[in-house]
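Structures for review follow.
What follows is a pair of complexes built around chain A, which joins chain B in one and chain C in the other.
Take a look at the complex of A and B:
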């Protein structure tokens, strides 16, 4: 039976190949299937056309896939420790996971966002939010490594983040959960009196360093998502909100009472003026900024003690509310910057606001009411049109380069293509199953690459071979280059991917760091040649300066280590070539391995517990003699007088 | 079934055409014609960027620079006076041409694949490869000058 099936499959494939060889073959159903296969097939040794960056959701990480193949290229550890890369285990990266609460080995990462120049993803960095203990991370895309994490004070859950302005002047961080600001011990049912929502604007310096420039203290709603203005609306940032009911329990029912909630429009250029004028409050706060220094190859964590707060009541013209049905989830701005689209999660309609109309409404003071000093613009004055009854549960919208919008509908599980200008529905395609975010490379920028769309689905069910109760997450790739969307590929992703971002590979791939130059390694514990290797004792602290090159460690025999010592094993990889990392592991170490890139120094801390001989070895296959890349450490009793001694080939 | 597979392969082959460009670096590496073994190793220039080196009077300053480079980049595997992971550099100018030495430093992967002497050395080292430490041509020349002082 199986043999017959195989024969049949081979035949099918042959037919597929035959038809794909032709240039203008027919588009029957058989041909369509094989056509899809050829569109996502990247031959051995060739590269994908796009990088795609997927949030790892509750894994806390960021995964990098190639498109159109969907192949997983790398997992970049961000908010969670990663024993494979020693991230959060070696001394160099531990400070990145420090917070005002101490070291936290995990977070929930939702929205990757590429840095932009002139409204176009530029491939310098990608930012991602930590939702649980509010933070924003920056990943350097010449290294594909996390180089900075900043904590957000006065935030209860960093969801509407880290969306960027068009030149990465700022990335934002709006709180999903409102809390007392500053924190205090109050009754939960005093929500309406005591709870506020902080919207943070994080400035990004030319070299990437983040600082909190200011926070805007808003009414106590849930600030859900954000996107910046662009082109004509550059200088504005839009945040969606729900729970304008300001409820604190059973939100499922109680926060869904009103017909309309708000999109908050923030004039951040105006905010800069108020900061310049000193029209802000300096609020004592406790948070940290953690940065990795490429020169010393070490991260450090710095405390910050205050933050600048802007109060809308005292800052006229800073914030306006755009009434939007109904608990809007995504707020998405089209590439021209004219249309601000509210994805009315609990409605079946898509609300399209016009930036031009918004400006006029502000000019004419067309206000429905004012809440805590924030004018609520009249819905009819700002709304340009509605795409009615397009599907159920609209969540997010991205754009192609032809003026079309693509919206994910969670409940009806489909992608809908439509024209935001005329509000005409153009096409719909099912997703398997229950799409959340969707992503077009550059699709939230001024210059989308409108060839592919990825749907990030919340439910997997039967799409892959089953793997017990927990299944891989499901992404799907569509060809959107024609009038009709075409499903090309399913591929699994890690954790729960919320948002993703994509960029043409050509923007990034030639800027990769291939190894670290030893001459530029300023790690304070580096041994930059075999001659610099040594072992030093200060009381019961021991520093081992060791080198690794194919295929030996120097030294590889160490004696005089004692039970109760704290041993810092500083390993420098002396290789100066691409793709020659060395690993390092010690029997009984309570942390992880090291994975040391060429020219890099990393430090493993080890506290020997027992007398005896402890082997160590290289964990990353490095050469034909990799298996010989090993050594021994002699551990003696606490009070022993075995002298400190180290050697290679003696 | 076998027949069908063959047919399938043929079809795949036929589809290749101009799009099948492959990895350029890889093709270059494997397509380089093997160097014919010279009977006198001093006539073997090796394979790589260095085609001709003229050794004039010893330049001590250059040699001093070369010593620094050697100590940082090479001593993990080479000791001056005895074979360690790789051969000792003492007397190397009597065994190898200056061009071969520099090409071995600058282009070790291709050398160990295609140069007969380097191939033999790789076998003698039980497959321990000469690491490409990405020296500049100037640095390799300085190391060569240092070797002249040994």
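Take a look at the complex of A and C:
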């Protein structure tokens, strides 16, 4: 009997294998190899091999997933407020979202970029750009929290950002929309006369603080993406551009007329020399730098009033243009630093420039022409070769650790594997659907981990259970360890998953801050023990110094608050253990909850509107007595004489 | 100097290790505490694997009404260091006198002090485990929370493991070595007899 059962099972397995082969392996909508499930299965309690950081696109946030499972681990709020974490709601984080325009609760976040040391992701920070109101944010990967946001003056749409140099000397920003610099009230059709594109180099200090080191004022094109040179090409930064037609209307047609646009090659070491020589203009500008101080646990926003500008015409050797077909999107440098690849998104070809040839062309002054002081190198002199007809709509290329390149093709919805040296096509795999960027952990660095590739898709159509007019956003995971790419997994992400970065988990996971030491909490309104709790009134302003510990608030009865008061509730979480946050919320507060990490102090501002009794409670299930973790505030009339009083267990 | 004298001096000095290593450890294990929470009892303090361990144990204990463990309030932690210093000093004197009966006497004193210490520890554990607040949020009929003196025991959802730590183990060695020095110094043992006696004189007159 048992034997017969075994034979039957073997037969079933055989049919399974045959039918999966029959569906064509990588082809078709099934597209799964039979062992895919085991390759992405991470057993309960075990950890993923890689962290992957996905930009949340128009959500403005960053999500952290594990690979190969695709499991969502955390959403890190960056450019958009997050009521869950009180980000942008509590007094401590509000300054992070300040700009020269005031507080902005949203942005469009496109490209996460890990900090690097010696051309390898080092897991200290991840940077991400705010596209709409140009900014760059820095997230500390021992906290997984946004700790700095810098605004970019003279920019309109920060798209080609924040790509790093190989030791994170700089992260860069390039304006997608050229605008008048400095801003002025001009006719839009005076574009060619008045509009300029600023490329920004943001210096990153050893502790991470960002400042705008300098900006380069370029012709009024649209600057799209960037990547730094590495190894032999260290010291150079490459920006792709489109709309070299310099059109200001119906760009889909008018900016698609030229056969070739440009990749701008910036010699930033040269830029440093010019800055040192004082060969720059100090331009009055208005922008802010917002930083979170771990010691006081508060962010502050500082104004800046000027920026150093380099003009290519006055700085010979600073910028060269590499002609590249056709409205190139990604500009990607291979791990050796030799090949600079233009992904001409309106063509079917991949252009491979050679850094060595570029150096020679500069040496020999092989210029086609000069635009605003910028020499345009001869295409034939810098181009090493072309991968012909590889697909339609190439957008972005990353690399594995075996010398292969992988390019996303948006229009033909596929990933193409090819050899950048010989320009031979090696493999292709469909994506479901309309891949934008792709990501290999470390795939834009000198040392890629060449095991997995993630495709970041623009649309999902029928791939998931439908959810009304707006469907699931999604990424896909491929195994690239063998000769042929294998689709392993679809997994939903926050929308839209624009670009991502990946890094071996071992680089980051042991560096986590588990809790904040109370002894190092220098928040000006902290109460570091129940004995320090109190309520203080200064006119209509009331400061409540409250503590939280399993499972009570001190004080939990407060009287003497009046309608019209402005009440600052400063809650210190006295816990000193990992994974014991307390939440805090007040009925009727026109605000979010607080979510306070152990050892941290956060402040909720509340303006009581009505007389009566107002409950407050802990919102994060903290203990067996979480449901008892609550209190009352008595709100009296504006002119009442109820005395200020606070207590616990009286 | 003879071997047994050296052994006796090692026995005498070993209790000083209590100033460097904890005597005892109690570990609480539960599924939501991977790796457990470990508390170390020293001659003069109580610590954990982190600064916050004691606070975390106190938070757990308060649910069932156990008293807060506050090392400042435990008198033994104040005077135990003097007891240790005293017994080491006494041992050094006995060692220089070199009389083997004194070796035995010292070892017996050590054993007595050890037994008293463990008995004191038991009383302390009993008090913490039984003397519960009448207003405890969680009360379970007939349940006490006294950790085992030595070994493992389930206390509600926690498995409590109580074992001697490095200092406690070295204290045990001290007693063993004390006995060993007494045994080796026996003049009826025919090996080393002459040199033993000579050694004794040299010690006495030095």
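In this section, the second predicted complex is superposed on the first by the 616 of 650 C-alpha atoms of A that agree within 3 Å, B and C clash if a C-alpha of one lies under 4 Å from a C-alpha of the other, contacts with A are read in each partner's own complex, and residues count from 1 in each chain.
FYI, a contact is a pair of C-beta atoms (placed from the backbone, for glycine too) under 8 Å apart; a residue touches a chain by one contact, two chains touch by 3 or more.
Please read all numbers here as calculations on a predicted model, not as lab measurements.
Shared-chain residue A:531: touches chain B; no touch with chain C.
Contacts of A:43 after superposition: chain B is touched, whereas chain C is not reached. Contact with both chain B and chain C is seen for A:624 once the two complexes are overlaid on the shared chain.
After overlaying the two complexes on the shared chain, residue contacts for A:169 are found with neither chain B nor chain C. By the touch criterion defined above, A:145 reaches neither chain B nor chain C. In the superposed pair of complexes, A:576 makes contact with chain B and with chain C alike.
Contacts of A:496 after superposition: neither chain B nor chain C is touched. Shared-chain residue A:554: touches chain B; no touch with chain C.
515, 549-550, 575-577, 623-625 are the residues of chain A that lie in the contact sets of both chain B and chain C, per the superposition on chain A. Residues 1, 4-5, 7-8, 11-12, 14-15, 20-23, 26, 71-73, 75-77, 84-85, 126-129, 131-135 of chain B are the ones touching chain A in the complex.
Residues 515, 517, 549-550, 575-577, 623-625, 628 of chain A are the ones that touch chain C when the two sit in their complex.
The touching residues of chain A, counted against chain B in their complex, run 3, 6-7, 10-11, 13-14, 17-18, 20-21, 43, 45-46, 515, 518-519, 528-531, 547, 549-552, 554, 574-577, 580, 623-625, 649.
Note for the complex: chain C touches chain A at residues 50-52, 55-56, 59, 63, 137-138.
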